[in-house]
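Each of the next two complexes has chain A plus one more chain, namely chain B in the first and chain C in the second.
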Partner chain A sequence: MLALPAAVFACLLFLVPVMILLSEAFRMDGSWSLQGYVDFFAKPLNRTVFLRTLKLGVLVAGTAAIIGYAAAFCIVNLPARTRGGVFGLVVLPLMISPVARTYAWIVILGRTGIVNNAIVGLGLSDTPVRLLFTETAVFLGLLQLFLPLMIISLVSAMENIPRDAIPAARVLGASWVQVFFRIILPLTKEGLVVGGTLVFTGALTAYITPAILGGSKVLMLETLLYQRVNVANDFVSASVIAMILIVMSFSANLVLKRLASART
Partner chain B sequence: MKTVAFAALLGCGLASAAHAEKTLTISVYAFAQDEYKQALYDPFEEICDCTLVVETGNSVERMAKIEANAAQPVIDMAVLSTQDALSLADKGLIAPLDPADLSSYDKLYPAAQDPIGNHMAVGYTFYASSIVYRTDLVDIDSWGDLLGQDVAGRVALPNITGTQGPLTLMMLDKAAGGTGTDLSDTISTIGEHADDVVTFYSRSSELVQLMNQQEVIAAPVGRFAWSRFKDSHLPLAWADLAEGQAGGMNVMVMTKDNGHEDLALQFMDYWLSTEVQTRIAQAMIDSPANKEVTVSDAVAENLTYGADVINALNIMPARSVIDNREAWVEQWNTQVIR
Partner chain C sequence: MQFRNLGSWLILGATLTFLIGPFIIIIFAGASAGNSLAFPPEGLSLKWYLKVFTVESFRASFVLSMGLAIFGTLAALVLGVPAAYALNRYKLPGDEMIRTIVAAPIIVPGIIVGLALLRYLVVPLNFTVTVALFFAHTALILPYAVRVVSSSLNNLRSDMEEAAVLLGCSRVQAFFKVVLPNIRGGVLSAFILGFVTSFNQVPVSLFLSGPGVRTLPIDMLSYMEITYDPSVAALSALLAFMSVAIVFAAERLLGFSRYV
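And then the complex of A and B:
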């Protein structure tokens, strides 16, 4: 009964505007065309930005998965009394504005920040190393921004692993590597797909963090999109970039689902 | 009873219709709107007995709106950079201004009277641009010092897509012995030094934190932003450069066939008057284009103020920016941003 109004609401306020916007990506001089995509990928800067965005998205999602599994495993094995508190600490950053969290990295990674103080203090370099406005800075900022989403997804998946499965495998002589690949990973693949998609998509579409920590020296697709709209008033290129981001996000979800199903 | 109610209703309708006739829609930068309301908008509404509708946004958004509504203008008057005003003039979207309609016209500095030609715009504020630098760490005497070894790895430059970008390129070209018109060699030189540049910033507000964190020790800055730097705990100075200061101007334009031409001209004239330009200068919102404005030394310190300063500014011709911007951005993206 309520499905129809919800569908109409979603169509009118979400689907139709998105389709209108994205149709711009297939129009050139009033007719349907793929020329916008040809023009976009013909420019070396755009290709560099596309590959950089893909690379950082994969790196952030991959690293978040590694750290996420370790963190989730520790959290689900904590006593029930402390588990809630630690889980709350994981969720806490999500309640803080991404702008504030990103600006904190400027202080941490600056010439006089704690990282550079440690590098110089330990004698690893005579002078502070430039960390801001580099791919490393953007990677760290994005990882810190989206890691909680991966941990939350994996914790809820790991809570469904039968409590005796891992001790039983260990008793039967399985190494920790075998336990991970033959028990934990297969039983948490749904959580990994959800977490991986959220983190990868978030890293692709984040604007504030790449803009502040990367600036124009580390352009990503989202910051390039902003430039095309707000500097050049070029809605065709902006629509092309939006379409590429959507395709990348859906592709990531499909690839992760395929990988997950291939293991069973 | 019904007749009385109908008459009252009709009266209200006529009154609101009359009031609606006296509405002026202006399109301005989003910056300092509370101060502008106090210094300009509210006093003007009292004088004109009209309603001022203020629309704000960045230049691209505001220009797009003017262009999209060219047949039936929804904006009557706008303030823009000289190059954006010239771009609208080229598209036939703005109307010429008759100096006879502006009583303050003769009080303006000559550069502000007809900045883009054919009386299509009139300047209302100037801004100088120089280099802000750390006096305890480096000496900056020339625009060319921005690419020197003393500041390598600790200098920030404006992105070419912003207002400060082309101005900095022009001055770097002049420092290298050029005329400041062909910027391709300068862009190539910056490309060779790209790794020495901390970042290519879009807004001077980004620089305040970078300088306070000692990440950046020298960068080109507009005079309108100087007040944010001069109160820093660090020894920062406004450089006195061999090639002089770069400069720019913002202008007022009136859209074509908007139907509110008289009111728009009245508003522009009021804004350019000595009274309002003084009020705006004293509030340190914008530097005056009216040469009769006088302010204290303390206020002048924060402005682009006085005939000596304004007449010596290196102002880039708007036509040069329009004709070359696309090629500059393309070369910049290929050689500098990479």
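And then the complex of A and C:
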């Protein structure tokens, strides 16, 4: 009874509209068909955007995992007093508007930004280099946006590694590479699955970062969806993209879970 | 050992510079005395920080965003607290189903939610954009409200309210007199998390904007498409300070991080 209002609200004002939207691409001229999907993938631009989104998602999640492991390992080994402060600094960006977080990259990568001032100042190039509206800019923005989620997941996973496990392995002659693959990785893989899903899904479904740092030169699925609706009133493409985003998010979670349970 | 310490400080230093550095840059870029966005800024002044307050559209959208964040979160709590209580204390038929439904808004990308509400609520049913925004933000915060309140209910033993009922309270009285005061911290934390989430939310609001109805982040996005001056940097810095101050105060007063 008590849970009913919340469930009804979420159903009526959320699930039902979203479901109708998703079904739209399957309906052509009143009958069910997959034509909307066929048409969508027939366009080279759409395929490029799809593959780019997938690529950036994997790259951002992979890079976040590498940096995340290094940073989380350092944080866990800090003395208790400094640890809270450092962890707080990692979490801090999550509280700040993504618009603000992404806007900073315009200042860094723009024509009169830090990097270009340095390039021109050092005489490496006479004119400013185009750094904004590139995949690199979107990659950096997304990484900065979602790295904290990976670090948080990995820190809480690493806290559960028994204190003596790593020194014991070292004493018994394991190299750091062996320690990582035989002890740290197996014991933190659940954190990696959570962090990886959060970062990958976040990167797939981010709108602001590709909109500001990629513009129409580096479209991703979200910005493509916005463009299709606003410029062309193309709701079939919007529905297809919506379905792709949801399926990709769910499969990322499934695949990572499968990988984690495969190598024990 | 000394070397490893140095190495780990280098890694942490680099990571934190990457995560925090951009804000420092934005604070200074906003404090520029010049008229274009640059770093290092052309001299320091507070003129852009002051200008932000005089831009009419920023004022209007700030009020809308504030209202959405406050009332959307309150609505989400009104729906979410009883739901969390019921899911936590009683074995309900289909409770897994309810959990999934209530958590769904977190999984579905915001831009899709916004588009779906625009297409099927605003256009055919004549909802105003503001009402649709309010619903969308409430739906979006609901999962956080349920999760945070649930975790604080988990820490509260149920024999307290059983005792209250045995001593003559009705179930409702027991909830308001015993349960609610004890999960106050969790409810407040849920409010703050919801507020910050809603205030910073962009994708959901993207399609849900009409003439004169724009949330602040959306307004900033369209402002920066037209103008290339440091005022968005200044506004970003101010908003960042606001969020950080709220969360910092919450952490000090409530131990926010225990609940989230």
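In this section, the second predicted complex is superposed on the first by the 240 of 264 C-alpha atoms of A that agree within 3 Å, B and C clash if a C-alpha of one lies under 4 Å from a C-alpha of the other, contacts with A are read in each partner's own complex, and residues count from 1 in each chain.
Quick note on the criterion: a contact is a pair of C-beta atoms (placed from the backbone, for glycine too) under 8 Å apart; a residue touches a chain by one contact, two chains touch by 3 or more.
Here the structure is a predicted model, which means the values were calculated and not measured.
J.: After the superposition on A, what does A:N233 contact: first (chain B), second (chain C), both or neither?
T.: Once the two structures are laid over each other on A, A:N233 reaches chain B alone.
J.: Answer with first, second, both or neither: which of chain B and chain C does A:L245 touch in the superposed model?
T.: second
J.: Check whether A:Y37 is in contact with chain B, with chain C, with both or with neither, and answer first, second, both or neither.
T.: A:Y37 contacts neither chain B nor chain C.
J.: Answer with first, second, both or neither: which of chain B and chain C does A:I67 touch in the superposed model?
T.: second
J.: Between chain B (first) and chain C (second), which, if any, makes contact with A:I106: first, second, both or neither?
T.: Touch partners of A:I106: chain B and chain C.
J.: If you count the residues of chain A that each partner touches, which comes out higher, chain B or chain C?
T.: C
J.: Identify the partner contact of A:T48: answer first if only chain B is touched, second if only chain C is, both if each is, neither if none is.
T.: Only chain B is touched by A:T48; chain C is not.
J.: Would you sort A:R130 into first (chain B), second (chain C), both or neither based on which partner it touches?
T.: In the superposed model, A:R130 contacts chain B only, not chain C.
J.: Please write out, lowest number first, the residues of chain A touched by both chain B and chain C across the two complexes.
T.: 106-107, 110, 112-113, 229
J.: Note which residues of chain C are touching chain A in the complex, please.
T.: It comes out as residues 8-9, 11-12, 15-16, 18-20, 22-23, 25-26, 29, 36-40, 79-80, 82-83, 85-87, 92, 95, 98, 101-102, 104-105, 107-113, 115-117, 119-121, 135-136, 138-139, 142, 146, 196, 199-200, 202-203, 206-207, 217, 220-221, 224, 232-233, 236-237, 239-240, 243-244, 246-247, 257.
J.: Along chain A, where are the residues that touch chain B in the complex?
T.: Where chain A meets chain B, its residues are 43-45, 48, 106-107, 110-113, 130, 132-133, 215-217, 219, 227, 229-233.
J.: What residues on chain B touch chain A, complex-wise?
T.: 58, 60-61, 63-64, 153, 159, 161, 194, 197-202, 206, 209, 213-215, 329, 333-334, 337-338
J.: Across the complex, what residues on chain A touch chain C?
T.: Going through chain A, the ones touching chain C are 1-3, 5-7, 9-11, 13-18, 20-21, 67, 70-71, 73-75, 77-78, 86, 89-93, 95-101, 103-108, 110, 112-114, 117, 143-144, 147-148, 151, 204-205, 207-208, 211-212, 222, 225-226, 229, 235, 238, 242, 245-246, 249-250.
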